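In structure tokens below, several structures.
Heads up, the next two complexes both have subunit A, just with different partners, subunit B and then subunit C.
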Partner chain A sequence: MSRTILDIHAHAEPLPQRDILEVQDLHTYYRTRHKENVYAVDGVSFTLEEGKALGIAGESGCGKSTLALSLMGFYFPPLHYKSGSIVLGGIDVMKLNKEQLRKQILGREIAYIPQAAMNALNPTLRIIRFIEDIMKEHRPELNRKQVRELAAERFETLNLSPDVLNLYPNELSGGMKQRTVIAISTILNPKVLVADEPTSALDVTSQKAVIKLLKDLMSKKFIRSLIFITHELPLLYHVSDDIMVMYAGEIVERGTAKQMIFDSVHPYTKRLMGSIIVPEEGMKSQKLAAIPGAPPNLKQVPEGCRFADRCLYAEDACREGKIPEKWSGGRKYRCIHESNVLKEWYSHEAK
Partner chain B sequence: MKPSETPLLSGSGITKVFGFGNNKTIALQDIDFSFREGEIVSIVGESGSGKTTLAKILMGLLKETTGEVLYKGLPRQLRKHSQRKRYWKDIQAIFQDPFSSFNLFHKVVRLLDDCIELQGLKLNKEERLRRMKEACSFVNLKFEELMNKYPFELSGGQMQRLMIARIFMLHPKVLIADEPTSMIDACSRSTILDMLLKLRDENNMTIIFITHDVGLAYYISDTLYIMERGRIVERGPAESIILNPTHDYTRQLIEDVPKIHEEWNLA
Partner chain C sequence: MNAYTKYFVKKSGWYLLTLFIALLLNFLLPRMIEGNPVSTIASQVSQGMTDSDSIKKVYDNFAKEFGIDKPILVQFGVYLKNLLSGDLGTSFGLYPRPVSSILASAVPWTVALQLPAIIVGWILGNVLGALAAYRKGAFDKILFPTALFINSIPFFTLAIILLYLFGITLKWFPISGGYDFQMIPHFSLDFILSVIRHHTLPFLSIVLVTIGGQAIGMREMSIYELNADYVLYSKLLGVRDSRVARYVFKNAMLPQITGLALSIGTMVGGSLICEIVFSYPGIGTWLFTAIRQLDYPLISGCTLLIAVTVLLANFTIDIIYGFVDPRIKAAQMEEN
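Let's look at the complex of A and B:
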């Protein structure tokens, strides 16, 4: 491969620091027409290590997508920034202005694939034009021929046919479109790729192809770390190293994928994992867990634990003050009860 | 309740062709099926396999090119509007996207009121409200809170539950559910599935579930039909198809779904 003439190649040497992304106490909110603030991301802190895939799970409306959008550092109404810091590969994103963000961060350091990204392709342009657009902004020294060469090479490495470059978006199938969008958005080798429900509109076969592409990007070091958002839990289990569960704008639990799926501590996570459906023996006789009630209104969040109203183990103490995060066996969770007490309750419940 | 033995909705040799000459696309080819009363059937296949075309034919929205669909053992009469209206009293559907299933200009109370109208019942106001309240409480929605809201003010899960409340009021004989849970999250999904099962148990309704998710189909249904490119390649009891698939395509479908107790082969 002729990587030498084109200065864009996979990340070779590791970064000096281990954590690629560090988010500290991030608060962001939406301002509605009626001048009310909806705190969709309320005090989120986490770190993302190099080479890791972090999965984010949670109900709709719990702030997963808002968190993903907030990570860009690019806020436009109705989304507003309140406080907190985002450090991305050593750069404090919140200290940059919009122009710097656009030039230095978006696409280069962090790339974002929103929900239904495949519908964002302009139907009147060929695929190669989107890549030319990106290159014009970020690598003006390349001419069109070099851009095409580079794009073809990249597509080939990712097992996508380079012929796709000459097609119009409507000539591609849904799965192919989604894979193309992912390939385009990672063409500048961003350090972090944030994929927000990249497979929710696809059938299982195309879903598998998209996941394979994401894994390829990771293993070929085109991206260093991945943030993967979905509510499809079995998928999350296979893609991510760590899983983080959000509820009402907060992170309620974080642990390794295995811990979270089979041995979760927080009552909400426990319920969430009970709703998994897989085609495996014994599934049919299993009772699915459903959580009664609805998440709290984020305009006026209740004091104390936000899950208390729907929790089986809620006590009066749950509704007072801020619930601190606890550590237990490599995981973090936000509950007043101790992990061994909770686990004992779950084992009783199973009987 | 056990499914009964007589077929409620059946068809033989259904073929649907779109277009003419060189543009001909065969969407369905020689499909046979028979759905019994109180049975939950899943039609599984990837995008473009003809699942939705079959659903539309069952609903009477598309006309089959050849073949015949029998309802209660008789050919369907769908020529006149009044005939279609009578048919739709018995056959109802839930679609994938709850956001586009409601008239956005009407409040929830009006939407539910339309169901009573469709049944052709002449009821006074109190009785109407009582029925609406009953339907809402069946799906764990609070009617008093919702009645003066517009559909776009509800969340996806709430809307899909409202859709089920409609079905509860209409109590059709057959419900066609076209990917009803693919737009909502896992927790609301289990609620919706539980409600569908409860509806089946109460009204002895036939549910035709259309999905690409084999796991979901396995969980909910009694019988599975696996479709590939307009053909039914495998059919039978859910248990035996998922645990011992015989057709290669079925095996492929099951393999493509991520599982939690097995490794996922991505190659």
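Let's look at the complex of A and C:
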């Protein structure tokens, strides 16, 4: 098995030029109308290697979308930055001012596909006009004709009809709109593409087209690395090299896609994978494994392990102090128990 | 014929039908008011006459002249026939002045009062509304309740307050008319100054109400658009704030353009109360006078003018909107 990014740290053998994105202890929060802080991303650290697709999974409200947005370095109320660093291609994004960030980073180094890509396009602007506006910011030396040629060529390369350029967003189907948004986001060849649930609102055929498009972008090197956020785990396995699972604002486990789906260590990941609906014989009679309880309130997170209240293996020690991250066989997880002990318990559970 | 031409033709048909119904109502409704205009006029003309036969003769003459001795449907037919040749009839109250001449003298006053007031109010209202949405904070906290307050005052109350405050108490501005009544309209500095002084209060009353209404609408629309997904998406692609603001305000303006076209369209009718309060010599004051005198042709003339302008404005909006907003155009074409 190829070495994961985590191994690099584990063996203190830094290869910084290959890390495209390095996030250290990132804390971001929402400030509510009642002046309360909700720590949606609470101490997240990870690295993203060049050429890798990293999937982020977790249930609704775990902070995965907030993490995606936070990675852009662009904060606006109610989302606020508290601490931590985001190093993108060697540039410490948080040290830039707003104007530098806009000119040097957004759209150029890192691009974002919002959760509701359906409404991501201005309804009264033709697609080509929007592309022209983006180019005016990043490639002012190009004239309109050149922009059109460039856009048409890119659309064609990605199997999208260049005719789309002359249309208004409402003239596109949902799947087309989503693929158009992806093509627009990546037109400047950003190093990292952050896709927040790009397939959630689509039917399976369109989902497939979107996944193919994302893979094309990677293989044609239009983007170097991909961060893919979804709650659809089977899809994640299909798309990502590595998977990271978030729970209550923290990363609870990270490993290769295979490890995470078939051999996860953290009790939460284990439960999450157990909740996947796989269509098979006799499925109707099967009981779907649900995780009892609800995640903690992020306004006031409990001490110790945040999953403790829902965990079958929680002990008193789980509720004391901060739970450190551990390494095991190229993966990283946040639990007081050792991985072999946990696996032992899981094997009993299966019987 | 493409889908859009089809839409255009179909829509025109509906507007023509609406116009016909408006014509019918304009004709019938005034005639259903209790009272007999001819007897009033006849009694005025025949004042001093003692011979009942000659009084009867005067009455019959007028009844024949005005055509009200015939059945109502025949009258309507005559009215339509005359209308097609551009004849709006003769005023009862200002006999023998033709209605069209009265309207022609009133329209410039109404337009000169309303059009600048609506446009100034609309521009100021939209700028303030957009600023309130964009800046938020103290500016919004002061502007929004103020606009809401002004907009909630009934129009005639605001006009009367202005009249009382600046016209009667402070005596800064005259309280009625379009110019000093002892003057004869002609092109001179004195006359123009007089017109401007008379114009100020009614103008202000319309501007204030328009600002209030437009600012509230624009603020709401801008807040909605500012929170639209495309705003964040565009910013995250490095599009500068000023450009994104342009997207937002263009989209927020769309319903406001309808508002502008509609208020320009309803301008003639919308000025009624303002003109009555300030006794301004426009359509509103004439309509008011005509109703009091049961001057059927003049009432029908005024209401016809109002109906036509409203319909024209709506029709224009329908067509222009299709070109400005692709979503509307798509919906229009689907209607077929």
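A few notes on this one:
Operating definition for what follows: the second predicted complex is superposed on the first by the 327 of 351 C-alpha atoms of A that agree within 3 Å, B and C clash if a C-alpha of one lies under 4 Å from a C-alpha of the other, contacts with A are read in each partner's own complex, and residues count from 1 in each chain.
Convention: a contact is a pair of C-beta atoms (placed from the backbone, for glycine too) under 8 Å apart; a residue touches a chain by one contact, two chains touch by 3 or more.
Worth saying up front: this structure is predicted, and the values here are computed from it rather than measured.
When subunit A is checked against subunit B and against subunit C, the one touching more of its residues turns out to be B. In the superposition on chain A, contact is made by A:K212 with subunit B only, not with subunit C.
With both structures placed on the common chain, the touch criterion links A:L272 to subunit B but leaves subunit C unconnected. When the shared chain is aligned, subunit C comes close enough to touch A:F74, but subunit B does not.
In the superposed model, A:L235 makes contact with subunit B only, not with subunit C. Looking at the shared chain after the overlay, A:Y112 reaches subunit C, while subunit B stays out of its contact range.
Residue ranges of subunit B in contact with subunit A, taken from their complex: 46-47, 140, 155-157, 182-191, 193-194, 212-216, 218-219, 238-239, 242-243, 252-254, 256-262, 264, 266. Looking at the complex, you find that subunit C touches subunit A at residues 228-230, 232-240, 243, 247, 250-251, 254, 324-327, 330. The part of subunit A that touches subunit B in the complex is made up of residues 58-61, 173-174, 200, 202-208, 211-212, 215, 231-235, 237-238, 261-262, 271-272, 275-281, 283-284, 286, 288-292, 294.
Residue ranges on subunit A touching subunit C, taken from their complex, read 72, 74, 76, 102-103, 105-108, 111-112, 114, 116-117, 119-125, 130, 133-134, 136-138, 168, 170-171, 181, 184-185.
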